[in-house]
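Both complexes below contain chain A, partnered by chain B and then by chain C.
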Partner chain A sequence: MIEDRVDELLQKLQKYFSHITASEIMNKNVITLTPGRTLWQAKELMKIRKISGIPVVNEEKKLIGIVSIEDIIVALERNRIKEPIASHMTKRVVSLTPDEPLDSIISKFDRYHFGRFPVVDKDNRILGVISKKDIIRTILERFRLIYVHDERRSQILQKEAEWFDKSLITGDYVKKSYADFVFQINCTDIDLAGAGAAKLKAFLTKRGIDETLVRRVAIATYEAEVNVVIHSESEGSIYCWIEEDCIKVRVEDHGKGIENVEQAMKEGYSTATDHIRELGFGAGMGLPNMRRYSDKMVAMSEVGKGVVVEMIFCERG
Partner chain B sequence: MKLKRICELLNCKILSAMENFDELEIKYAGAADLMSDVLAFGKPGMLLITGLNSPQAVRTASVIGATAVLIVRKETIPESTVELAKELGIILLHSNMPMFKACGELYKLGLKDPISSEDA
Partner chain C sequence: MLLKELIDRCGFRIITASNLNEEIKDGYIGDLLSDVMGNAPADSIWLTVQSHVNILAVASITGIKAILLCNGLSYEEETIEKAKENDITLLETEKSSFHASLALFEAGLR
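Up next is the complex of A and B:
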């Protein structure tokens, strides 16, 4: 039953993430065996690593087979468990290419009912393996961002008012007028970048919020605010809501927007000019720092329309 | 280490400070010119050593809860930076010593790195 629901979920999700390829999903940390090893050793390895199949490779790391739990069971029945893998492994392996898209990968899972597929390069050298768990992990990771070239994103962007008025995290309308703290970001004076975060810090401290929590909020907000000042070329706003068990911050602007949010999320990626760098910014740490210090973060952007960053900070016990 | 000792050692000019500031104890120090790096590694109570002399150095220090900022290498410090330090209650020091040397001296005398050391 659970398996069916996983499949159903994957079917639903794949259309939003159809551009993800095998190389992005695969687990590169592949456990492999050479054909001279025994089935007994394979069984032990499966038990320890809690996996249901192990690719078999030759000295050149080329894929020559796969040994599955089924192969082990058959060998046990025939009392051949101590024999080398070579004569018992499945030799007709269905593999994936690194640029194979998600829908093709999912259809292979449906067609063959294998637990995992090896990913190989054009010389049949193993690059990684993909199980359904890897797909779900990748999708969940992507869900932390709603990013460019994503169908779901374009749907949201078509209703322009929506992403500026609705929460990216909960989907509810954002009651900006009910915010506990509001700050208008001035993009014309770089020396003022961070003034809002500093004010927010003082505001939260005064409210008696836990010091560590306040610090995390301040750091992430500071990064978001600096981004508005140095990248957006537009005015922006900081909103903060103090809720019973968490603090929510939303930083938005109607400026240039980010071309590729996913790329911007990578540490060290930066489009800042030398001038900005001289001012101590533009290290490509902004979005990664926001993610590091918040419990949940979603960024939404479209070129020419601006950026909305929403962050939730929870108190940890 | 007492802030007083740090000031003497690095021949610091004190640009912003509160009363009895030199009795303050500093355990951690870190150096960077990139403020995002500071945000990533900063620890409350630390001394921030930087070559950046803009108000951002002070503002970043305030956001991470640093006690003091030591600006090195730069000839002059803008008035706006000093003013902000006073406003935010951040101790602001200035030394002509190069960053590498300043760090080396402080490291030699037992100041700790905020990233690798245990929690304060």
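Up next is the complex of A and C:
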């Protein structure tokens, strides 16, 4: 029953995450066995590691089979548990390629009802393993941070005017005129980078908001503001709304935009110039810091049209 | 430990000081602003070789109380002005960040 619900959920989610590939989902920490080990050893390993199947590889690390709990049960029934894996493993293994997309992976789970699939390179060397748990973990990670991409991205971008007026998180129209705090970012003066975040910090502190919450808001806003100053080559704005149970911040500009948001999210990735780096910027930690200090963050960008970053901060008990 | 006690024991040069009675609880070494922004604890002293005015925004947002500029470098005039506005103490030393942090450790900050 629960299994069915998981499947149903995965079916629904896959269309939003269809661009995720096996190499991003797989668990690279693969436990393997060589065919000379016994089924008894496989059983012990499954028990200790709490897994239900182990890929079998030869000396060249090439995949030659899989031993599953079912194989162990059959061997136990026939009293052959002390024998080598080689003669009992499943040899016709269904594997995945590293660039296989999520929908194809899910359809294989549906078709074969296996608990896990090995991911192999073109020489059949094992790279990782994917179970449903790995898929769910990957999707959950993406949920925390939705970089609006692919299908949804193109949908939103078609209505160009809208993504500057609508919330990326809730889809509602953003009432910029009702913002509790507004700051215009001046992109021509790098000395002023961070002035908006510092003002926002002072503003929130004055409103009596919890100190650690204010600090998180200020740090993440600083990063967004600095990005506008050093990357956008355009004016930008910071908006902040104090809601009953959270603080919302939106930082936007109409500048160059980010070519690849997903790449920019990676720690250490930076396109800053040498001059900017000399000033101590360009560590490639801006977007990762925003993600780390906010509870929810959505970044949206298109080359030549600008960037919108929305962040939500909730008080933690 | 109080900032003024730390400075006394370590012999750092004071460039501007408006909060010498603040309690310093921790420290951080870093020259990349985002790294410091993301990791520096509040109520700390920051050891760096960055002297540009942007360090003040980082310090005031994270709650850094004092900045120690290492390797015999000196601050830009604008940085000093901004520090006064923000109540952040600016210090200088000939020592490298590593040796300055050893001095802070020996002075009792840990």
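The criterion applied here is as follows: the second predicted complex is superposed on the first by the 293 of 317 C-alpha atoms of A that agree within 3 Å, B and C clash if a C-alpha of one lies under 4 Å from a C-alpha of the other, contacts with A are read in each partner's own complex, and residues count from 1 in each chain.
Convention: contacts are C-beta pairs under 8 Å (C-beta built on N, C-alpha and C of every residue); 3 or more make two chains touch, one makes a residue touch a chain.
Quick caveat: nothing in here was measured; it's all calculated off a predicted structure.
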| item | value |
| --- | --- |
| When chain B and chain C are modelled together on chain A, clash or fit | clash |
| Touching partner for A:M285 - first (chain B), second (chain C), both, neither | both |
| First, second, both or neither for A:G65, with chain B first and chain C second | neither |
| Contacts of A:P118 with chain B and chain C, given as first, second, both or neither | neither |
| Which of chain B and chain C A:G255 touches, first, second, both or neither | neither |
| Shared chain A contacts, counted only where both chain B and chain C touch the same residue | 190-191, 193-195, 197-198, 201, 215, 218-219, 222-223, 226, 279-286, 289, 292 |
| Residues of chain A that touch chain B when the two form their complex | 190-191, 193-195, 197-198, 201, 211, 215, 218-219, 222-223, 226, 277, 279-286, 289, 292 |
| For the chain C and chain A complex, residues of the former touching the latter | 31-35, 37-38, 42, 48, 50, 52-58, 60-63, 78, 86 |
| Interface residues, chain B side, partner chain A - complex | 33-37, 39-40, 42, 44, 50, 52, 54-57, 59-60, 62-65, 80, 88 |
| Chain A residues touching chain C - in the complex, by the definition given at the top | 190-191, 193-195, 197-198, 201, 215, 218-219, 222-223, 226, 279-286, 288-289, 292-293 |
